[in-house]
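Got a structure here, written out as structure tokens. Questions coming.
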Amino acid sequence: MASQQAKEKKQPNRISEYCAKIVDHKAFTTTIITFIIINAIVVGIETYPNVYQTYTSWFYYADITLLWIFTIEIAMRMIAARPTHSFFKSSWNWFDFLIVAAGHIFVGAHFITVLRILRVLRVLRAISVIPSLRKLVDALLLTIPALGNIMILMSIIFYIFAVTGTMLFADVAPEYFGNLQLSLLTLFQVVTLESWASGVMRPIFAEVAWSWIYFVLFILVGTFIVFNLFIGVIVSNVEKTNRDENDDEADMKNEVRELRKEIAELKNMMIKMNKS
Amino acid sequence: MASQQAKEKKQPNRISEYCAKIVDHKAFTTTIITFIIINAIVVGIETYPNVYQTYTSWFYYADITLLWIFTIEIAMRMIAARPTHSFFKSSWNWFDFLIVAAGHIFVGAHFITVLRILRVLRVLRAISVIPSLRKLVDALLLTIPALGNIMILMSIIFYIFAVTGTMLFADVAPEYFGNLQLSLLTLFQVVTLESWASGVMRPIFAEVAWSWIYFVLFILVGTFIVFNLFIGVIVSNVEKTNRDENDDEADMKNEVRELRKEIAELKNMMIKMNKS
Amino acid sequence: MASQQAKEKKQPNRISEYCAKIVDHKAFTTTIITFIIINAIVVGIETYPNVYQTYTSWFYYADITLLWIFTIEIAMRMIAARPTHSFFKSSWNWFDFLIVAAGHIFVGAHFITVLRILRVLRVLRAISVIPSLRKLVDALLLTIPALGNIMILMSIIFYIFAVTGTMLFADVAPEYFGNLQLSLLTLFQVVTLESWASGVMRPIFAEVAWSWIYFVLFILVGTFIVFNLFIGVIVSNVEKTNRDENDDEADMKNEVRELRKEIAELKNMMIKMNKS
Amino acid sequence: MASQQAKEKKQPNRISEYCAKIVDHKAFTTTIITFIIINAIVVGIETYPNVYQTYTSWFYYADITLLWIFTIEIAMRMIAARPTHSFFKSSWNWFDFLIVAAGHIFVGAHFITVLRILRVLRVLRAISVIPSLRKLVDALLLTIPALGNIMILMSIIFYIFAVTGTMLFADVAPEYFGNLQLSLLTLFQVVTLESWASGVMRPIFAEVAWSWIYFVLFILVGTFIVFNLFIGVIVSNVEKTNRDENDDEADMKNEVRELRKEIAELKNMMIKMNKS
């Protein structure tokens, strides 16, 4: 039974080992990056209507070819992974798999825009293929959970101001505060400080004299929170580097303590010697 | 006398203990958060006029129900607090109490807008109920007193520029510098760099050739102070983490000093031994 | 001779000591701050034309009174300073002196605007009178010299882009790049990112196809330098706090070295003992 | 053979040494800075058409004179460098050489604008001539390679959004998303937050209801990356100052370890003594 299992395991292993060799080779990554760049150039040229209309079929075949190249790449990486399902432990592999799979699913569909966006998103695969970029994006994403609470706080503030804004200014400025969704969008614009006064506040201010309180309060609260979000990330990063340092210091503290113990022993020995 | 006092204390304690048990239960907080979210959804839907006009009475009863739920919640938390007046030692409890009390006070009033804003503000209670959010906001508010002096400085600069701006440009640009209040609002817009040139300065500059000095000076001074406000908070935070580290170091310094003392003792012992 | 000198010195000292007593009293500073606030309120009310035109003479007398109060204050602080000319060692005293002196010089002049601005500037004296504000401003001003080189660099970049901009766009956009001064003002607007695209670049871009290079390049270079100015101040501040810490560490290093020396001595003693 | 070589080397050395003496003299740098300032003033005055048209020939001779002065300066610095080709080891010298050489190459050309820009660029030589500015710019440029990965990431994000934007909005807003180049320029404008809502999004939003997703997503992703670029530089700078500190600590750790070894030796000696 065990030997049979081993045999079953062995057979796919030979192919898997062969795939792993190819996949781990430097040239493999370089080739894939080359095809991603070709994919990027193709989707770029496609945006020029005259070029696209003249060579439509050419673009169609280029797309099919690239899709199959990426499919084979991912199939090989799946086979190379031992056991195969370990391939899906990495969320980057999930990302690669879904982007390519979606290309196959929508291939016959009529939603041309969705298909084209999918083709553009394949350029994002450059991140999952180039290790240094993957590491960078992983690091960037890791800073997000630390911001969880401040994000919830921001959402509460946004929601309260959006409801209040809709209640107060829906009739005065329907294009900005016409309903809850519009108000949320307008508040996002205001928190980026874009035309908050010249575009949004001044026309409302001309009709509702106390409306400046609403805007000034939101900017003070909103930018104060965004600003603290900033500070939080900086300080947590500096703290992290300091923590490593503190570990060093803790090490040294232990060593100094050990020293004291040994000296205490020495002293005891001396006292004994003195007595003897 | 003492036993009577103890008895008097005991009676309410039984109810208070019972309340404390309920209040401290996890499900209690979860329930309150659920009602706050329901409150948030209700005030959100209220902003859509067609929905609101169709179900006006429904919204009225929902509001009354929520108000009484929150009233009971706060009453229970007050009873749970021993002694009761200790409930008001926390400013968050004051906040909860006032928001709910105001709901009762204005319930019969005709200021519908005030009532509706009060209902929206109840969403803010999410901060006082969720401990991690309360901690975050406490931390944010704690950074404000450290900024006291820079705020006073900012106010002085704003006031001087507002008075000067009104004096100089009241006739040229009455909508921006027509009076002291308008000037202060305009300066707030300028310090956020929103349309300071295209909207505010350029039209004035077309008539008063030297007006650019006023604006460039204000932007340099204003952003410099805001920028230092930034730096101040960052550095004070980094310093704080460093201070903790320094405490560690001071500890170690003491240990090393102790070591020296012990070795000095050892030496003396040796010298004695040598002599003997 | 010496006694006569001592006598000469003694006489004014009695008045000077008396003044010093008054000047150093808490109530003195409080009084002056009160008068500065009154001055601030008076110049604020003056900006309302109807109030000002009705009570013109009242404002005139208020101003004269305040000017003489500040004159007496500074005279007393000058007398309190021993020797008197040491009063002018502090640049804050110079500032106080000049602001008040200018009030006397221009009192009869016809430049009403200059006079009024001088009255407003007296509010700035709040900074020199309140010690904590004076300390803050001193600290802010101290960060400026460290930025000297980056300021020179910024000026060179501004000048080169202003000359180039005038050369290239003077005919296309005379209101933005008509001459060197206008170009410098426009570049200041662009570096604050205010309407750089919608207001300044897009109209020029519509006529000169490659003009985007000029603007994108300037924004990249300009904001990069401003951003490094930021970083420079933050890092220099953090470094300063670290330097203090390093001093501590250097102390400890010396202590550990001393320890080693003492132990080496101990060892030598032991070796001697072993031999004997 | 060797003596002949030495002779050959000696002859130019005499001139080279003479040049080196002049070049290293303080007055040499001061003179060159003076001529750079004169050059800056000349190109500044040239931007005023009436002055330029009246004194065209004067400006021509001034330019020729300055060009030859800088040519002689660089020739001297080349001769002063031993061996001569070592002059080209510094990229600043390359910069100086190319700017001046280009002046000679284009002198007879008809591209007056190119020539004038070259004359303006000579003002940049102030950076290469003033040592403190050169050091500052070197330091600024050194921070760029550390940002390499984040720049690549930014380019990928920009490219994907530009292709998508062109696909989606080319017909709705041809002036902003008409083709790939325009889209990239528009995205650059959006990432600086300039008129992103009032100018770019609102008109598109009026026709395409879901277009806000595109803009809000791009701003969140774009500013998040720019913000991390910021943080990255700050933290890497703080880390660098901490690393120096850590070196110190590592030193001390070694010292403490040495101490332990010595005490262990002492102990062994004691044990031996005890036995004997």
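Per-chain numbering from 1; labels A, B, C and D assigned in written order.
By our rule, contacts are C-beta pairs under 8 Å (C-beta built on N, C-alpha and C of every residue); 3 or more make two chains touch, one makes a residue touch a chain.
Since the model is a prediction, treat every value here as computed from it, not as a measurement.
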Chain centre separation (subunit A, subunit C; CA means) in Å: 43
Please report how many Å separate the Cα centroid of subunit A from that of subunit B, as a whole number. 30
Give me the residues of subunit B that touch two or more other chains. 193-195, 198, 234, 238, 242, 245, 249, 252, 256, 259, 263, 266, 270, 273
May I ask you to sort the chain touch graph into line, ring, star, complete or other? ring
Listed by label, touching pairs are A-B, A-D, B-C, C-D
Mind listing the subunit A positions that touch subunit B in their complex? 149-150, 152-153, 156, 159-160, 163-164, 166-168, 170, 179-180, 193-198, 202, 205, 212, 216, 219, 224-225, 227-228, 231, 234-235, 238-239, 242, 245-246, 249, 252-253, 256-257, 259-260, 263-264, 266-267, 270-271, 273-274
Hey, which residues of subunit D end up touching subunit C in the complex? 40, 43-44, 47-49, 113, 116-117, 120-121, 123-124, 126-127, 130, 132-133, 136-137, 140, 143, 175, 185, 188-189, 192-195, 198-199, 230, 233-234, 237-238, 241-242, 245, 248-249, 251-252, 255-256, 258-259, 262-263, 265-266, 269-270, 272-273
